[in-house]
Amino acid sequence: MSDESRIPRSTENDHTNEMAKVRRDFLTHKTGAELKYTGEYTINPEELPGNIENFIGVVQMPVGIAGPVQVNGEYAKGLFYVPLATTEGTLVASYSRGMRVINECGGVKTTVVEQFMQRAPAFIFNDAREARDFGLWVEENFDQIAAAAESTTSIGKLKHIQQWSVSKTRYLRFNYTTGDAAGQNMVGKATLAACEWIKATYPHECQYLLSGNMDTDKKHSHLNMLHSRGKRVIAEIVLKKEVLARVMKVDTQVLAKATVLANTGALMAGAAYNGPHSANGIASIFIATGQDEANVVESHAGLLSHELLPNGDFYLAVTLPSLICATYGGGTGLPTQRECLELMDCYGKGKANKFAEIVAATVLAGDISLACAVIAGHWVSSHDKMGRNRR
Amino acid sequence: MSDESRIPRSTENDHTNEMAKVRRDFLTHKTGAELKYTGEYTINPEELPGNIENFIGVVQMPVGIAGPVQVNGEYAKGLFYVPLATTEGTLVASYSRGMRVINECGGVKTTVVEQFMQRAPAFIFNDAREARDFGLWVEENFDQIAAAAESTTSIGKLKHIQQWSVSKTRYLRFNYTTGDAAGQNMVGKATLAACEWIKATYPHECQYLLSGNMDTDKKHSHLNMLHSRGKRVIAEIVLKKEVLARVMKVDTQVLAKATVLANTGALMAGAAYNGPHSANGIASIFIATGQDEANVVESHAGLLSHELLPNGDFYLAVTLPSLICATYGGGTGLPTQRECLELMDCYGKGKANKFAEIVAATVLAGDISLACAVIAGHWVSSHDKMGRNRR
Amino acid sequence: MSDESRIPRSTENDHTNEMAKVRRDFLTHKTGAELKYTGEYTINPEELPGNIENFIGVVQMPVGIAGPVQVNGEYAKGLFYVPLATTEGTLVASYSRGMRVINECGGVKTTVVEQFMQRAPAFIFNDAREARDFGLWVEENFDQIAAAAESTTSIGKLKHIQQWSVSKTRYLRFNYTTGDAAGQNMVGKATLAACEWIKATYPHECQYLLSGNMDTDKKHSHLNMLHSRGKRVIAEIVLKKEVLARVMKVDTQVLAKATVLANTGALMAGAAYNGPHSANGIASIFIATGQDEANVVESHAGLLSHELLPNGDFYLAVTLPSLICATYGGGTGLPTQRECLELMDCYGKGKANKFAEIVAATVLAGDISLACAVIAGHWVSSHDKMGRNRR
Amino acid sequence: MSDESRIPRSTENDHTNEMAKVRRDFLTHKTGAELKYTGEYTINPEELPGNIENFIGVVQMPVGIAGPVQVNGEYAKGLFYVPLATTEGTLVASYSRGMRVINECGGVKTTVVEQFMQRAPAFIFNDAREARDFGLWVEENFDQIAAAAESTTSIGKLKHIQQWSVSKTRYLRFNYTTGDAAGQNMVGKATLAACEWIKATYPHECQYLLSGNMDTDKKHSHLNMLHSRGKRVIAEIVLKKEVLARVMKVDTQVLAKATVLANTGALMAGAAYNGPHSANGIASIFIATGQDEANVVESHAGLLSHELLPNGDFYLAVTLPSLICATYGGGTGLPTQRECLELMDCYGKGKANKFAEIVAATVLAGDISLACAVIAGHWVSSHDKMGRNRR
């Protein structure tokens, strides 16, 4: 690559409107593409050093508002308007429709079951016995390991370490609580400190890799389904037979049959989620509120459970075992993102559980809506009217 | 829910600046939250009817530019600057670093292997024999079924139908090519038409659900790993031992060992991707370019393959079996998103394969960078310097 | 290893009573262990050259008889007595109990949906494009490839070849029908011939490995769940509410609830089978009838589906997607094994589908029995009375 | 079913030669099938009440002897002759060949890492909060729960309880050590006692099902890969380049490449084991030694790990995370089975770890042999010479 291809950077202060323009002009010169709209933003580049490099402007993602939705949580209580950033037509309308059903049935009950954030180093030995014996030593020295880890953070707490032996490797998985931050970096630092302490203290030689991929960061995994990464949140509702029939034109017996079919299809497919479309709601609310957008892949996993009750009502619950979200740090403090959080009174410390409950309620709303739409057969036609096929 | 909680909508024309303001004011009144920055946008609401409902404004997602990266594809040829919309500090810098390594090694070779988009109805019968016999009939009548499906679209072509019997259900999975659109709605309409034709024509009674969840839409699945959803794209490179040592301070033998450890960890975890972090690059480029952001969950799945060559160089390849992306329709035509596509000369018809190749090259760049960073041990510290921990 | 440790073999005729005794004596000399009972057999060693090497005698596995069970299959019609070789107390009694319930409900309807046996070579190239292009060539030359494969066998027919691209490798999976044999070796030979033909004919260079492990032989895999290996067999029944209540002391509503719980548990666990214990019945009948006992691992996979009917009856179906069994060749012709097959009129050519139907019916019987036992709470106590805890 | 179809039973003493003959005659009368060989056995029916019901005779499974194999375990030390009961030709020869390679390379190092046996009840509540709170209570009352569980057994010890929340259900998984027994029934009884204690003691109402299928008994599961069921055993060896070349005609570099291909194929297939054929060795040794033959499905799961060493030697390790085996109880005490255990000095108390080590060494031997055979290309032809194709 010749030097003239290099993206311009300022060594002094790179997060300025000027440098953004210099880069846009450079790109226009290089590619012929105009970057007019990308350069129209109100965000202050000085706020961005922790969020981005080589800043050139913004993408404007339209935000629609769904709801309100009645949440009967332990943290979120009341009616919430949910901001969804999306370019997929019908999405906001569909979630809103599900929320209307929820409200008519008395609201969603939400529960945060547990929460952990992980970093999972791998320790390598000469043979399987050394690896096993190291594992026993780790168990015996948990308190000191925790002290080493927690020396790097005022918030993170090391709760337990899981262990797996494979050939001559010992995989550890450090599980922390991380307050209102998602905490990936916090636990990375803490685990590095712990590993360095281990390496210095363990009476025999050992090598390690800070991540042996059992974290599993930025990817869906069955492990995350089992051993919660982020928050494990459950949203439940009893859908009234009468409401579903009136609002959605769907009979609960038919809904039960269709749900069984879909569950089985998902099982056969080896799907990360057995309901209709958790990812839509999560991606939209994540973008609107400055979450790490890649965490949608972990967060969308889950289980949709149902039960047709004797009186014809329909119990429905979504379990999200690895919902990774924050109300503080990362992108949550950027102007528009912060406003979207504030709209739900979810910005800042002490709000993460509340926010997680609203996300889970939103997922449930979307699944109610799409499941009914597929049955009622107007799923395709609603996309035609409002959505992308219009073009 | 009382009427006064209802979000204001205009029955005449809801996609206007006025209605957006009415809603923002309503929300401020209801929640006390200001929506000042959200209301500062240059997008024209009249362009949004196919993309969003209940529009209130935009979220400004900062865009950084990574690259350039040398892509030696069949469609993408040359140096590309890649726009990444993110709020995660170090992400753009990390991808850029990987791209520098790629360039010094001669560029990435990219290959689109195949592409399909699916809709998967489930047909329900009285017993397993009826379901099996129906399946045989479907095979025999493929041409007419295809004709019925394709009557709804000028672009989509039905290529083949997969079938699975479970108890008395026959799951079908219609596989289409969809041109430069992602095509979920296109194939939804086509499959509905096909199913209606089947229902009308099949000599025996049959019921169906338009989606039996084997599509698998908006969720990761093992099925998508096997039977490509979207595009199956492969990016390959031979990393030179000397370049990795000089630029990344990493020895290729150590990299090979670490990659094996990480592969095994991912296998144990049941992870959707066995490399470091495909989701980061995909989510960022998807948001920047107006892709359906929920499709990150399908797209991030894949396999990172490696081989330490006899001369010490390091072959590395990423296989993305379900990369769902478009250069036309959906959010791709919105002003900033379109600019970001144009920056790579990827907007409009005939560009989808080119775009897919650039995405795959970007994923490979990010994995090179993070894999090396974990080994070199400065992964945590680079986050400290540039990233979120700064706050 | 010194020569004196070497197991005695006869280069002339090793399958004789004399050589078996020589080896038993050698082992007794070496280890001090008596092999009295092992040497008491009525099998003729001359029949064993195709079944075993270094023959020393037999293990006597007790056989119990379950049933009869009413099977309403397409091949198996009537009442069948099922031989189960096992050392697990209560197993035969439990299956018999389930069969009694089946009979009182009118019998099991069984359906063989499809059948394939596979060998899956991997072809290796210089890059992903060569691998992809090779795949297209394979598609275009299917007829000649099939001819090459089928030249090695009068029974096996190559039906289709599945393909997957990963990095620079092209995995193929040859799918054959194999008559009444399980056919693993038959398809191995045929695929070797096909690969050799491909290698000789393909205009570019290519290397292959006869098995790239996507067969997947002698291990459970999700692939086998999807794409039947062996026979895909389904057994269905409508259990009468009254019969379950009277015979099993179980209410069908409770059974439905419990089954949902167990299905969800299996999904969470990532289990190969979501019912109670397919493996017990399959292993026992496989050993009794001379099946390849390692194929239990593939054969036990499956899905248990249920539906609580409006009248309170309970539809239950087991889908076994990779039941690998034979009525000819392998161990089926050994004296006791053949008798056990003949007991069900399942020995020899033209009987494989019939046998598969009986196996599926047996699995269903066992699952009915154990599911009810867990609910009725006497599962533990029945083991106490009859089973191993007695010791 | 008419009474005349009923299998004859004696209410006084059903485990006699007479009753076995009565049943054989009955079956011959009913089906026309002779049961001559099945009735030729030396086992004493009086020993069988804990192992089988409706006894009619035995199946004679031929036993071949493989080895010896040098095991350098913590429990198994020295040369072992391994009895394999099978009807698959070439199997014994193949394992023996692998053992020869092992011996020439100095033997297998084996390590038992940990061992647990589980029973996994599901507790059902009115909502997710009750389920969560119950889980906390279980944690706090672990000691008393353990006391209740252990009151039923002198051997079993409750080590820890894992927990998962899904909707309104709390899945528990009780992990015990069980001495030299496999222990499924032991832990069933203990967990029943614990659950009854919980039900009586928990201040709120709760219902439970003794197994919610997360055990996961008699089926492969990813959970068992992660959280050892039975014994987690690892067998390791460094294969010398020279030995492989001389004995197996295989170059270690080629072996490394082929192993990577096979690993990737297994990953794509979603296979329970990524090596060649663990199930063959395990099934054969299990049948020979009176193990519960259905446990092959859990036991065959695992990981084959490899590393090409700088000097050209080849590190190979098999990790079996859920090897379920016993040297006491069950079928281990039957005459021929006991002899086969004694042949390895593995019968009775205090021998289970030793036996597990030998099984793991055997699996490794078989994988070395088959992996090399596939590469050397004589895999098909060796089956032709010795195996089933002969017929």
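Labels for the chains are A, B, C and D, by order of writing; each one numbers its residues from 1.
Methods note: contacts are C-beta pairs under 8 Å (C-beta built on N, C-alpha and C of every residue); 3 or more make two chains touch, one makes a residue touch a chain.
On a predicted model such as this, the values are computed, not experimentally measured, just so you know.
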Set of chains adjacent to chain B and to chain D: A, C
Contact-richer chain pair [B-C vs A-C]: B-C
Mean-CA-position distance for chain B and chain A (Å): 16
Cα-centroid distance, chain A relative to chain C, in whole angstrom: 42
Set of chain D residues in contact with two or more other chains: 164, 166-167, 222-223, 226, 257, 263-264, 268, 270, 274, 303, 305
Of all residues in chain D, those that touch chain A in their complex: 74, 109, 111, 113-114, 127-129, 132, 135, 164-168, 222-223, 226, 232, 234, 236, 270, 303, 305, 317, 319
Complex interface listing, chain D residues touching chain B: 222, 225-226, 257, 260, 263-264, 267-268, 270, 274, 303, 305, 307
